[in-house]
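Each of the two complexes below includes chain A, the first together with chain B, the second together with chain C.
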Partner chain A sequence: MEFRKKILENGLSIIGELNDSAKSAAVGFFVKTGSRDETKQINGVSHFLEHMLFKGTDKLSAIEVSKAFDRTGAQFNAFTSEEVTVFYAAVLPEYLEEITNLWIELMRPALRDEDFNIEKNVIKEEIAMYKDQPEFDAADKCRALHFDSHPCGNSVLGSVESIDNLSAEQMREYFNRRYAPDNMAVVCVGNFEWEKICNIVQDGCGGWQSKGAGRITEDFEGSKKKENTEKPNINREHICLMSYAVPAQDQRRFAAHLLAAIIGDSAGSRFFWELVDKALAETAAMQFGAMDGTGVLFTQVQCSSENKIKVMDVINRIFQELGEKGVSEDELQKAKNKILSALVIKNEVPMGRLADVGFNWMYLGEYRTTADDVEAIKSVTVQQVNSLAKQLSPGEYTQFSIGPAKTK
Partner chain B sequence: MAEKLDKHILKNGMVLLGERMEAVESVSFDFMLPAGAAFLPEGICGAANVIADWIFRGASDKDNRQLGDALDGLGLHRSVAVGSSHLVIGASLEAGNLSEALNLYADIILRSGLEDEQFEPARQLAIDGVLSLDDNPRQKVMLKLREQFYPKPFGRSTAGSIEELKNLTAEKTRQITKDNFNLSQTIFSVAGKYDFENIVKQMEKLFETDSKQAIETIKPKPKAAEYTHIHHDGAQVHIGLMTGTVKVDDENYYNARIAISVLSGGMSARLFTEVREKRGLCYAVGARYHSLKEAAGVICYAGTTPQKAQQTLEVIIAEFNRLKEGISEEEIKQAKAGLKSALILQSESSSSRAGSIGGDYYMLGRVRSLDEIKSKIEETTVESVLKFLWSNPFEDFTVVTIGPQQVKVK
Partner chain C sequence: MEFRKKILENGLSIIGELNDSAKSAAVGFFVKTGSRDETKQINGVSHFLEHMLFKGTDKLSAIEVSKAFDRTGAQFNAFTSEEVTVFYAAVLPEYLEEITNLWIELMRPALRDEDFNIEKNVIKEEIAMYKDQPEFDAADKCRALHFDSHPCGNSVLGSVESIDNLSAEQMREYFNRRYAPDNMAVVCVGNFEWEKICNIVQDGCGGWQSKGAGRITEDFEGSKKKENTEKPNINREHICLMSYAVPAQDQRRFAAHLLAAIIGDSAGSRFFWELVDKALAETAAMQFGAMDGTGVLFTQVQCSSENKIKVMDVINRIFQELGEKGVSEDELQKAKNKILSALVIKNEVPMGRLADVGFNWMYLGEYRTTADDVEAIKSVTVQQVNSLAKQLSPGEYTQFSIGPAKTK
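Up next, the complex of A and B:
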C-alpha cells in the first residue's frame, strides 16, 4: 500500500491509496454537503441534487450519461447523508481513467428545468417507499426529535411539501455554494497509476473556483424528548433511541465504537443476550454514529406491542448496570475481535477501502492506514470505555417509536 | 488470473471445495446443509428458520451462552441463510482462526444441544420474523411472488407460515434436523487464505463417516394462480412479477443473462430508462435472474404510488415484450461489460467466492472458472440473444401486488 496526496490551488484534495495486488480500482467524489447544510425552505435539496448530477451536463444528455457509465461496466452509485454526498464507482483498472473523467464532467451538471421536474416525481416516490418501511420512518423522526433545532435533525429526503416547493433556481444556487473544490475530495484506491489520475483531475477540476463554503459544527447534547405514534397498517413496534456521543474528530471515537458493540452488536452483545436471545425482541442493535463536531449512539429495536414495556425495562436496566458496574475485560476483548475482523475484511476490497480513506480525509483531513485503525482499536482499555460510558450516559436518550394502532 | 479449485470428497459423499485467494488475510466458509424450505416435509413451513436459530443455542459441552461467546471470541462474522434448497451457515474471519472455527461448526452441525428450553425462543423469533414482514411490503411481495411462481414446493416461503410454526414441536423439529442434516448431500466451500491439505485432514476427523445416506428427490406440483393481490393501506403499490426462463445448466443460460441485462443491467438499461428516467413512475424498479436447480425465472420489482401502478405494470410488461423485437450491438456490448466487471469485482471478496463455488457445484456438479464464464459471456451475439428470445420469449407473467389498490393484469 502506498499513500499519495495532492492539494490543488483551488483547494481540491486528491487522495490515493495504491494497491498493486488489487484486481479493481475505486474512485469517489466526496462532497462535504448534506441535509445539515440546508435551511427548512430547501430541505431535501442535497439528496435531490445528487439525483440531478446523473441528468447530464451542457454536453451530455441523461441517456448519454447512463450509457457512458454502462460502457465501462462500472458498479457505481451515490448517496447523501446528513453530512456528505458521495459519488463512487468500482471498475476494472483499465476503465478508471474513463470513469474519473466522467465523474469530473458530471460534477458540473446542467440542472435543466425539464429534468428537474421529472426527477421530482422520482424523489416523491422514494419518500413514499420509505413511508412503507416503518423502521426508516421511525429512525428519521427520532433523529429530528433528538436534534430538535440543530440542523443535524434535518431529513435527508425532505418532505413531499418541501420537495414540491423547491425550485430549480434554488437548487442551482445551493449547488454553486456547496460543490466548490475546497469543499470536495477526489479519492482513489486499488490498482491504478497515481500520476495519470492526478493529471486528469488537475486538468478537469483545476479551473473550478473555490467558494469558502463552511459549516457550523455546534455540538449538541440532544433533546431527550420522548414520543410515540400509532399507525393502523403496521404489525410491530419500531423503537428508536438516540443519545449523545463523541464527534468523528475525537480520539475517543474508537472507545465509543467498542462501547456500542458491547451494548448492542447484532450478536453477542448485552442487548442480544437479554432481548433477542430470549425472543423479547426480534432485533435490538446499537450503533455509534460519528458525525462532524458531534455524534450519537443510536439504538433500533423491533418487537411486539405486548413486549414493548418489558423490552424498555430491560434496556433501562442494561443502561443502569452499565453506569454502575461498567464493562468487563472479557466483553471488551470480544468486541475488539469482532470489530477488527470486520475492519480487515471490509478493507480487502477497494470499494470497502474507499469509504474509510474518504471519510478519514473528510472528517480528519488525515490519511490513516487500516493498520493505524487496527492499532487504535487494540489499544483501547476497559478504563477508557468505562470512563466514556459515564460521560455519555446512554441511558439519557431521546425516544421515538411507531407501533400499531390499538384496537378499542 | 486462472484460479485453482481445490476439491475433495469425503467417504460419506460430503463435498469439500476451496479457492485460494492470494491477496487477502481473511477466509470465508459456507456449509450448505440440505435443509432448505422446499426440502422439509409438508405442513411445517418456517421450520428451517427455527432450526437455523436453535442449532446455535448450545452444542457439545457448551451451553447457549458459552457457544455464543466462543464464536465471538474468534471474531467471526456469522451468516445464516434459509433458501429453497439449503440452509447455509457460514462465517468470515481472520485466517488464523479457521481451524478453531471449523471445530465449533462441527459441534453445531453434528452435536447441537437442541434442548427443549431453547426451542421456544427459537420458534418465537421465527414467528416474529413472519409478522415483521407486514412492515416490509417490499420483501413480502418478493417472497409471495416466488411462492406463486415456482412449482410447489420449490417456491415455499423461506420465512414460514405462522399457523404451521405454531404447530411445530421441539420433538418434531429435532427429528427433521436429524433427517435433513445429511452429510452425503452437504457441500462445504471455503475461499481466501487457507491450507487445503490441513482443511481436508481436519474435516476428515470432524465429518467423515462410512455411511452414505440416501438422497431424496421431490416431485414438483403445478404452480398457483397468476395474479394475487394483498391489501395493505400503505403509501405505495409494491409490484412483483416473474416469468420463466432457462436454468443455469442450459446452453442458452448466457443468452438469457445478457437479455436480462439489456432489460435491467445498468442505468442505461431499458427498464430504468423507460420507467424511471423518461416517465418518473418509480424510484425502485429492476429485474434480475433468479434460479433454483429445478426452475428459473426473471424476477422484477417496482414500487409506485397507487395512481401510477397500472401504468408502471404496463410499461414494464411492454419492455419485456419489446426485447425480442430487436437489440442493438451497443446494448449487447454494455450488457457484456457489466456482467464481466461484476464477476471480477465480486471475485475480490472471500465470502462472495465461497458462496459462488458452493452454489455452482450444487447447480452444475462442477465449479466454473472465471475465465470460462468470461468467454461464454463473450461468445454471445445480437443474433444468439434474439434467437434465444424468439424460442423462449418472456411472456406469461405471475404477478403479485401489495398495496392499497389492485392492478389489472392483461
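Up next, the complex of A and C:
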C-alpha cells in the first residue's frame, strides 16, 4: 500500500492509494458541494446537477455516455448528500484510464436547457416518491427542524417549489462556482499506475479555472424543538431524534461512533434489547453523522401508535442512565468488534476503500490508512466514551414524528 | 492463494482458500437442501429450518445466540433457495475460530416445539409480505408453472396452508435426513489457519452420522404454459418468462451467462435499448439461473397495461432476431467486460469469494480459482453463444403475468 498525492496549479487534488495486489481499481470525483452550500432559492440544485452530469457534454449525447460506461464494464454510480457530490466507478485495472477520461469529460457537462427541462420532472417524481416514504420524510423534516436556519438543514432533494422555480441559468452559475478544481479531488484506489493517472488528470483538468469556493462551517447546537404531524393511510409512528455531536474533524469522532453503536446499533445495542427485542418497536437505531464543522447523533424509531409513549419513556430512561452510569467495558468491547470488522471488511476492496480515502481527504486534508483508523478505534477508552456522553447530552434532542391520523 | 480440502469420515467436506494478505476471513456452512428437496406436504420446511437454527440449542437460548454473534463483531446471515441453505459470516481473522465454533453448535439446534409454534407466525407474515409484492409473487408462480410437477417448481417460502399443516416432528425428521454431514460443506476463505479450522470442525462435527441423502436431479424442458391473473390495487403489469437453459454442471454455463447479459442485462442490453430506454417498460431484465442438473433463462418485465402487447411484441421480435442473426462480436465483448468486472470485484473480498468457492464445490465437487472462471468467460466465442442460443430457443417460454384488475 503506497500513498501518493499531487496538487495541480489550479488547486485540483489528485490522491492515490496504490495496491499492487488488488484485482480491481476504483476512481472517484469528490466535489465538496451539497445542499448545505445552497440558498433556499436554489435548494436541490446539487442533487439536480448530479443527474445532469449523465446527460452529456458538448461532444457526447446521453446515449453515448451510457454506451461509453458500458464498454468499460464499470460498476459506477453517484450520490449527493448535504456536504458532497461523489461520482465513482470500479473497473478491472485495464479500464481505469478509460473510465477516468470519461469522468473527466462528464465533469464539464453541456447543461442543455432542453435536458434540464425534461430532468426537472424526473427530480419532482423522485421528491414525490420519497414523500411517500414516511421514514424518509420524517428524517428530512427532523434535520430541517434541528438545524433551523443553519444551512445543514437544507433538504438534499429540495422541494417541488424550489425545483419548479430553479432556472437552467441558476444551475450553470452554481456549477461554475462549485465544480471548480480547487473544490474537487480525484481519488484513485487499487491496482493502477500513478504517473499515467496523473498525466490524464493534468491533461484533462489542468485548464480548469479555480474559483476559491468556500463554505459556511459554523458549528451548531441544534434547536431542540419538538414537532408531531399526522398523515392518513400510514400505520406506524415514525419518530426521529437529532442531537448535537462532534464534527468530522474532531479526534473524539471515534468515541462518538462507538457511543452511537452502544446505544443504538441495529443489533445488540441498548435500543435493540430494550425496544426491538421486547417488541415495543420494529426499528430503533442510532447513528453518528460526522459533518464538516459539526455533527449529529441521529435516531430513527418505528413503532405502533399505542406503544409511542412507552417507547419514548424507554428512550429517555436509556439516555438518563447513560448520563448517570455511563457504558461498560464489555459494551465498548462489543461495539469495537462490530465497528472494526465492518471497517476492515469494507476497506478490503478498492470500491469500499475509495470512500474513506476520499472523505478523509475532504474533511481532514489528510491521508489515513485503514490501520490508522483501526488503531484509533481500538485505543478509545470507557472514560473517553463516558466523558463524551456527558458533553453531548443525547437526551437533549430535537424530535420530529409522523404518525397515523387519529380517527375521530 | 492456496486451496485445501479435507473430507471427514462421515462425509463432511472442509474446503479452504487461504489468502495471507486478506484482512478478514469468512466461513460458510453450505447445506445441500432447499425447496426442491421437499414434498408438497412439507413445502417451506427448508426455509423454516433456516429460521429455527437461530432459535438456539440445548445449551444456548435465542438471546445467548444473539449475544454470541455480537461478541465476535461478525457480519452474518443465512439464506435458503430452491437448492441450498447457506449460513455464513465474515469476521476479523482473530474471530474466525470463535464464529466457526458458534455455527457448529447452531447446526445441531434444539428445534423446540414452543419456538416452532411462535416462528410459524413469523413465517406466515413473511409469506403475506411477499404476496403483497406482485413482482415476487409473479416470479414464484412462473417458476411453479414452468417446472410443473418437477420439484424445482416448489416455492421456497411454502404456502400458508403447507406451513399451517407442518408439524415440528416433520421438521425434525427432515432436519435429521438433510442436515447430515455427507450433505454439507464447511467453506473457509481468507486469512486463517487451515489446521486449526480442521481440528475445530473435526472435534465439533466428527461425531455426526452420515445419512446418504440424495436429490432428484432429472433435467426438465419446462411446461411452456401461459397464464395471466388480475389483482386489484396494483398499477403495473408484472410479466415473467422462463425457458430452458443448461445446468450448473455444463461447460456452456459461461456462454449462457453471457447470452442472458446480451439480451437482458439491466443496462446496455437489447431489452434495455428496445424497452427501457424507449420508455415502454420500467424494468426488463433477463438472468441465467444455473441449477443442479437443470437451468433456466428468467425474464422479469414491468410495464403499463396499455404497453403490454407492444412490449411482448418487442420481446418476441428480439428472440426471433436472436435465432436468425445471432449476437455480434461487439455485444459479446461488452457483456464480457461487465461480467468480468462484476466477478473480479465480488471475489476480491473473502465474503464475496465464499459464495463462488462454496457453489463450485456443491455443484461440481471441484475447486476453481477466480482466474479459472475469468479464463472460461474470456474464451467464449460468438459462435458458441449463437449455437447455444439456437439450442435453448429462449422464445419458447413459460409465461406468467399479474396485472391490474380491469375496470368494467
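Heads up, the rule we're going with is that the second predicted complex is superposed on the first by the 408 of 408 C-alpha atoms of A that agree within 3 Å, B and C clash if a C-alpha of one lies under 4 Å from a C-alpha of the other, contacts with A are read in each partner's own complex, and residues count from 1 in each chain.
In this text, a residue touches a chain if its C-beta (ideal position, glycine included) is under 8 Å from a C-beta of that chain, and two chains touch if they have at least 3 such contacts.
Worth saying up front: this structure is predicted, and the values here are computed from it rather than measured.
Chemist: When the two structures are superposed on chain A, do chain B and chain C clash or fit side by side?
Modeler: clash
Chemist: In the overlaid three-chain picture, which partner chain does A:342 touch, first (chain B) or second (chain C), both, or neither?
Modeler: In the superposition, A:342 touches chain B and chain C alike.
Chemist: State whether A:75 touches chain B only (first), chain C only (second), both chains, or neither.
Modeler: A:75 sits against chain B and chain C alike.
Chemist: Please determine whether it is chain B or chain C that touches the greater number of chain A residues.
Modeler: B
Chemist: I'd like to know which partner A:236 touches here: chain B for first, chain C for second, both or neither.
Modeler: After superposition on chain A, A:236 lies in contact with chain B alone.
Chemist: Could you look at A:21 and tell me whether it touches chain B, chain C, both or neither (first, second, both, neither)?
Modeler: both
Chemist: A:211 in the overlay: touching chain B, chain C, both, or neither? Say first, second, both or neither.
Modeler: Touch partners of A:211: none, neither chain B nor chain C.
Chemist: Would you mind listing the overlap between the chain B footprint and the chain C footprint on chain A?
Modeler: Touching chain B in the first complex and chain C in the second, residues 21-24, 63, 66-67, 69-75, 90-92, 95, 267-268, 277, 334, 336-338, 340-342, 344-345, 348-351 of chain A appear in both lists.
Chemist: Show me the residue ranges of chain B that touch chain A in the complex, using the header's touch definition.
Modeler: By the definition above, chain B touches chain A via 1, 22-26, 57, 64-65, 68-69, 71-78, 92-94, 120-122, 124-125, 128-129, 131-132, 134-138, 232-236, 238, 265-269, 272-273, 276-284, 303-305, 330, 333-334, 337-342, 344-345, 347-351.
Chemist: Would you mind writing out the residues of chain C in touch with chain A in their complex?
Modeler: Interface residues on the chain C side: 21-24, 63, 66-67, 69-75, 90-92, 95, 267-268, 277, 334, 336-342, 344-345, 347-352, 370.
Chemist: Help me check something: in the complex, which residues belonging to chain A touch chain B?
Modeler: Contact set of chain A toward chain B: 21-24, 54, 62-63, 65-67, 69-75, 90-92, 95, 118-126, 128-129, 131-135, 232-236, 238, 267-268, 272-273, 276-279, 282, 302-304, 333-334, 336-338, 340-342, 344-345, 348-351.
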